[in-house]
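Just passing along the structure, written as structure tokens.
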């Protein structure tokens, strides 16, 4: 094996009342890669990442993270091993300050070290451009800024694997550009798994793209080759 | 001034004020304040769970009673001296809250309220069932000679006040300290957004369980202290009203504020004390207060103060 | 007494208890099912029904049946109006937030209870039954009125069931229960539906109390037990499931009399409360329900 | 004019303001500097202030109302006759919610805020238990009217006395000879499953065994129970006597359901009037009680040979010959208990006059004076009957009445001697320091 796989799933499946939301997915994510996960609505993308980070228990199959079988671990333990997850629907601590929001993310690693926490919070907020708003209440931010805060909370954890569930949804165009820069910056630093609808973002940031359809992996290609994949086109455009 | 420094000044100030008050208050209010401080400890315990962790329990009387009977029964039947009896009360509350927490935390929201309510009701009935030992609703008296703690006679007003003040101060400092620690911040995070806290890698269940135990133990300490300072142990303290009272005090004073429970307890005590002269149905006033609070001041007195004027209040 | 007659008596008593409990608990269950509100003041509406029954009965001279019939019509109506007003002025303004409504209904509990204390007083007062012949069985005697209570409760419950399943009101209720936003979109005035449901729940409790008050007496603290029992029944029956509630009421009502043969009654109550706690912990949908709290 | 005052809003606020404004001033000084008090009170005929702990709300409210009426009537009578030591009596009533915690707070309020000379009037025993320790610490005499055995059992303290009403233990044991001689030897007891009921269970079982009888079944009923029929099959078939004592709002249901269950083929029934206290004997469903017996603390219906004392006492309190309010014949009194308030107030008067009571500094003298009381004759002051006070146990002993239900009324059938009610001392409070 050339590159070490940070994340591997084998036969990962989940059904809801007889319907397979995710079916028999074998998935490998090498360390350091930026991977985009795309697919039409209802393809099972969010369920799949839910299975990865433990929000949803698997019906069958296994998840390996960093060489360790984490299938049986609850979400918080997987996060503690170095995953970070940002929610598709913004989920922040609305009544707490931005600083405290990010500090909660940073603190778990630097237990008791106030200086390290301070530094980590500053760094994470600066990276998303919110450093000057640290004292504001998170609930007072605009929607776009809340999305950025969400990403900052992901960064603040200094994860080995950062899972971003539709991070650019609702962002203005200029903010999307900033986001692209941010992700490119992260490349090499951390492994990123990105669920994204905006093909621009996908093409500009991802090293590899995995396409899900009806809960199964339809294709796994580089951005360059995926445009020519007729199966993907069919899935997206509904033509045969 | 940093938030931590402000917190030290605020809590130091409250304790100093309470210390000073004993020299100027007339006898009646002096006695009341001693009682209020003990009850405020109960409210602070409740606040740890409801105010800071966001879990609404309707069964805290069980913890209060665990402390009270843990002390009272060991004095009555095992001839414990007050200090080991006090310890026994606190440990009883700790064990009861750990068991209740372990079971009840499998539920959330309304189910959690009802489960805690049912456990407390079962506890109350158990006290009645073992009436031979507990004397049921009638309860029993802890006589004066059994209330001398480490050579200090807790039946004199001055000593009683001082003992109540010490217990109150210790619990206030614990509360103020806990909410400043990373652990306390996680509790607040759980209150604000449990799912998010979990997905930041925190063991939500474990944090909640510890919060239940701190909360229950503090409530139990209040129950034990109440029995020791006022000399009576009885089942009425385990009944459902005594689960509602701390909720009322905390809501009134301000949930999730360190001094709210004290403020709420004082306010409610005097509201009832003064209104009982006006009307025999003074619980009516408690009812109206509850409804008005939910309608117009969800944050309570200190909470509204924090919202409008002093955002730094811990 | 031999076991046979004993069980017969326990079953009769159980049936009366179950009938009253089913009516009361269906009211609580309906409110929870449609509005997702846990009404802690439910027992006080029960008490209100009993107290009003005494009041109406004392207004009417002559045969006790006149006063009773008047009470049976008017007491639930008044309780329902008071409940609907409480919904309009308080619960609606809280947006039916679960925790806030619990606290507010605790407040409502005290307000009703203490207002009754101030006006009606602390005494337990009897209401004469509309008829009260005694049946002589070989082993014991039994009041005929108690059979009437069982019958009346069955008729009323069937009435509620028909209303929920066969009428437009029922359709509207079920629509609001399934999805209040959708119901709103279809032009259902959810506000009014909620006020009506809250009133209906209170009315059913009051109705149960009017039926029971010739057996028991009206007293301002009588609401506690029905509340607790209704909770137990609604939870075991499965929240919001009317059929489950009725089944659970029969189960609890019938078993109460029989359990107390073998255990001390206090122990039986301990077991019942713990049972509820453990049902919620390990089977949050109740024994018959589909939805959890 | 009687001086009867509830703490009005005005008074409360004024005293609160006074307390806040003066600080360590007048109020505190009055409590701590005896010289100051003696001087100020010797100069005036300030009223004697009696704190009345009354169950206005909570489970005891039905009793509380009649305790209140009796207390006010006694106060009026005492004041009309010149008060105590020439000083008028002022009653300061505070509701305790029939709750031990509030009870203790109320005693504290009497002692420290209203500056009462003593506290008085409590019925429910858990409130007595909750309040007595505070009374002892505040060193304020606490005269209870509770009929609990808690005073004489030695569980309370020297400041707590019960000189106006007999206790459960003596009442119950005095019934045993009558029951076993006249009604039967095999008794089934039905009682509430809490401390008051357990006292009945324990003391009556013991007393009946001494008489050669036997309690063959003991049926404890939870205090919150509202329906009772399901308990009746537990009564063994060879039961000769049913002994019942129920309390609380469901008492009438209890008796009615017993009637429905048994009909005319009933065993002998002996009940404590607590089962029907404040309940009209003419209530529907009670007909079956005809011919059964009741313990009464004081006969509710005016008897043929009614004493003039009872007649005057009824008139003063406003109770008619059927034991109901003169203004509302449906409002039945708690006649078997409330006389205790009347008699206790007169015992306080006697004690104060014997002690030459001037003010709070004489509280211990008052207690010693009451402790030295022994014989209490049947009189206008003690209309229930003659009594013997035991200064060591702080408990009074007196005649008990047993009435038979005849034509829907209670007719006196037997009066026990005081000797029947006596038992060995369990405590000697006079050896305790003040």
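By written order: A, B, C and D. Residues from 1 in each chain.
What we mean here is this: a contact is a pair of C-beta atoms (placed from the backbone, for glycine too) under 8 Å apart; a residue touches a chain by one contact, two chains touch by 3 or more.
None of these values were measured; they are calculated from a predicted model.
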| item | value |
| --- | --- |
| Chain C reached from chain B - shortest hop count over touching chains | 1 |
| Pair exhibiting more inter-chain C-beta contacts, A-B or C-D | C-D |
| Chain occupying the middle, per Cα centroid | B |
| Per Cα centroids, the chain farthest from chain D | A |
| Centre-to-centre distance between chain B and chain A (centres being mean Cα positions), rounded to whole Å | 43 |
| Computed distance of Cα centres, chain C from chain A, in Å | 51 |
| Centre distance in Å when chain A and chain D are each reduced to the mean of their C-alpha atoms | 75 |
| Inter-chain centre distance, chain C versus chain D - centres from mean C-alpha coordinates, in Å | 37 |
| Touching two or more other chains - residue numbers and ranges from chain B | 128, 280-283 |
| Of all residues in chain C, the ones touching two or more other chains | 114, 117, 264, 266, 269 |
| Where chain A touches two or more other chains at once, by residue number | none |
| All touching chain pairs, where touch follows the definition stated at the start | A-B, B-C, B-D, C-D |
| Residue ranges of chain B in contact with chain C within the complex | 56, 58, 103-104, 106-107, 109-111, 113-115, 118-119, 121-122, 125-126, 128-129, 244, 247, 251, 279-284, 286-291, 293-295, 298 |
| Parts of chain C lying in touch with chain D, wherever the complex brings them together | 1, 5-6, 9-10, 13-14, 16-17, 114, 117, 121-124, 126, 128-129, 132, 134, 136, 140-143, 215-217, 219, 221-222, 224-225, 256-257, 260-261, 264-266, 269 |
| Contacting residues of chain C [partner chain B, same complex] | 38, 90, 93-94, 98-100, 102-104, 106-111, 113-115, 117-118, 228, 231, 235, 264, 266-267, 269-270, 273-274, 276-278, 280-282, 284, 292-293 |
| List of chain B residues in touch with chain D within their complex | 23-32, 35, 128, 131-132, 135-144, 155-157, 230-232, 234-237, 273-274, 276-278, 280-283 |
| Chain B-touching residues of chain A, taken from the complex the two chains share | 53, 55, 75-77, 79-80, 85, 87, 91-96, 100, 103-105, 107-108, 111-112, 153, 157 |
